[in-house]
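Single-structure report; data block below.
Going by the order they are written in, the chains are A, B and C; count residues from 1 in each one.
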């Protein structure tokens, strides 16, 4: 029985990639690798250069400097056609004058594969993407989610060694996005093609990827597993971009971040006396009604009930504000106006440099360096 | 108020455009079927239609092929002077055809810039078909380009990028993706070109010498008939051309609608 | 393949052996691009730029003497004046009616709308000479309408009003098809908002729509003018080419050329051509100024 082939993946390696458009530096010294069969997400806000990196890997843009390897072979100077990558575009880019079947078969007919083989493969792929009844439809007769599935089938048809996806769900409704995300996950499990996914949606990255490359203003901020990126952000940007955090400003005193009369540990790696920021995730804030060692006093300003947990806005003695998330059955004693104690030991400290776009990022990366 | 506007519009267009069409049909029919038949069978008339057809065919072929190339360069390429290129493309639309004829005379006539080279090779340009083809091409250059450019702009490059990632060479991408997508715009431009080429008179009058049986096109023969007070025959050839134009108009409208429908997808 | 430390990473790496390979790939791409670009430039350069240049050079070959001789020819000055005046009238009239027709086509639904649209395109399809012939058939001295009008002292054929009719016919689609796309792009909701606030259609048109249409209307008008001053085929049949009365500049140029006075023909042609060229540039700027960012 012909079923979807088990494809083995191939590593991608990108070294010191730069891209300049005239005066503008879109990609600055980006280095990372993607392991065979993995899903690597390039995560960042718009303008971070992630799509440009993907397009350079595909060959759609020429790097200003740097090298690209796939399957241990250097691909930096190969043409798009030579690279044999699968590419899925944000706005589908289906051939509007061809049927679904013709679209999917395109990569095969370009290589002049015999018709019966083409037909069989198209059939396999349509089954894979669950669109068997649609082979003779035209793209404008399909919904957004269906179009993207056709685009995926089309990209997979010529058995590419690498699958590149450029914000594949960006043009779809929230619900369809969720469905397709789950579906892509299943698909990848079945096929095992090395995949590189560009997205600005961190939930998507956290859910789908084995490794995340966080990018900002053309540079790599951090490379790591979803857990690493979430729990151990290497830079303020990652701490702020991935998951939500409260930020507290202070100065470094004796290995702590000090603000007002109180301080928070974890600044041992920073320079004494310099301004610093402490990032803390809402669910990492421990709130108790009675003061304990190592806690700070705070007053409750707002409590918003979100169903099974509540978001609590707290004000510290020096007037700074932070947010905590507390399960509703642990809320006793915590009401608007009440005084509580907060334990902020799980905060992450970073220098406070706001000068320049990268402020201190390149010199202070403490966790996983890029491109190991 | 609405119906007032609509009525005025209909009346204006009706009187200005429709009435003359009706007028000419009436006059031609008045001539009687036998006159119509004999006129259309005259050797000089037959030759005139033939010449018009040949010139039109060559013109349309050249302007289509090169027109698509220019359209691609205008929309996809980036280099200094590109807006100037755009202005040049539009120039033939604004220039009087007699000036175009004059251009050819200056270049290829006696004492012209290129005349010595051509006459030393025994090739006659002026007062012969080549000059007629050249001036008609000049005049028809804008049509395909102006119709294809907006289509290319709206389509964008993503489908072509997709084709390249799937392994298609530049040529394959052009024929299988780009050309198919600009199809209706291209055909619309071709139909407009054809109509213009058939109707050309000012420029060909100057360059051809209107030599009966050699360089007389359908439009030129109509002019000759009226000059020689053979009005009836003039009307007959004119209405034949008008009928061909109406057919072309149907083609033009069809292609235009298809193109518009495509833009909505 | 060692990874460099981050301090050295601020600058792009120096030229390596790979740079040579990169150059050849870039060259391959550059050749392809210049192949297409070169063809386009050659095509337009040879077919349009060269002849244009030739006429201008020839027209000024003996300075302004040819122009003076040409203007001294009988009826020459009148011809140029008539051409420009008729061109202006044509442009103005067709800007008014053409905009009206465009507005009706875009904003209203009514039976026969697609017929109207098709009829507007007829002048694009019909040879100009045939247009002149049709007008002659309809309004000529031997036709019922023509003789009726002449009985009341109105001469159409072999008179200036005939020329005007021909020019209006030929330039109508130019205006309509230039204004129409601009109208289509204007968001109807602004008009609706105005009407909800109590404005009449005419007021809305004047204060909301017209300002946006200005560039499109100007472009259409200029195109119509340029086309009208150059029209030959329709005019030569309809006007009778009466010196000093119905002779237009294009017909004059033709006459001078066939009288073997090419320099004089070229002189007047250059003047006309110069006007057209400037108009094209202005229209380009106008149209591009309207293009969405």
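Rule of thumb we're sticking to: contacts are C-beta pairs under 8 Å (C-beta built on N, C-alpha and C of every residue); 3 or more make two chains touch, one makes a residue touch a chain.
Only a predicted model underlies this, so the values are computations on that prediction, with no experimental measurement involved.
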Seminar exercise, completed: Winner on contact count, chain pair B-C
Problem set entry | Remotest chain, subunit C as reference, centres from CA atoms | A
Seminar exercise, completed: Taking each chain's centre as the mean of its CA atoms, subunit A sits from subunit C at a distance in Å of 53
Exercise. Between subunit B and subunit C, what's the gap in Å when you average each chain's C-alpha atoms?
Worked result: 15
Exercise. When the centre of a chain is set as the mean of its C-alpha atoms, what distance in Å lies between subunit A and subunit B?
Worked result: 55
Exercise. So which bits of subunit C are touching at least two other chains?
Worked result: none
Exercise. Which residues, counting only subunit B, touch subunit A once they are in their complex?
Worked result: 158-159, 161-169, 172, 176-177, 180-181, 183, 262, 265
Seminar exercise, completed: subunit B contacts subunit C in the complex at 1-2, 5-6, 8-10, 12-14, 16-24, 26-27, 66, 69-70, 72-74, 77, 79, 83, 85-107, 109, 113, 134, 137-138, 141, 170, 192, 195, 198-202, 205-206, 219, 222-223, 226, 234-235, 238-239, 241-242, 245-246, 248-249, 252-253
Problem set entry | Residue ranges of subunit A touching subunit B (in the complex, touch as defined) | 58-60, 80-81, 84-87, 89, 91, 93-97, 106-107, 110-111, 140, 151, 154-155, 157-158
Exercise. Tell me, which parts of subunit C touch subunit B in their complex?
Worked result: 32-33, 36-37, 39-41, 43-44, 47-52, 54-55, 58, 97, 100-101, 103-105, 108, 110, 112, 116-131, 133-135, 137-139, 143, 145, 165, 168-169, 172, 200-202, 223, 226-227, 229-233, 236-237, 249-251, 253-254, 257-258, 262, 265-266, 269, 272-273, 276-277, 279-281, 283-284, 288
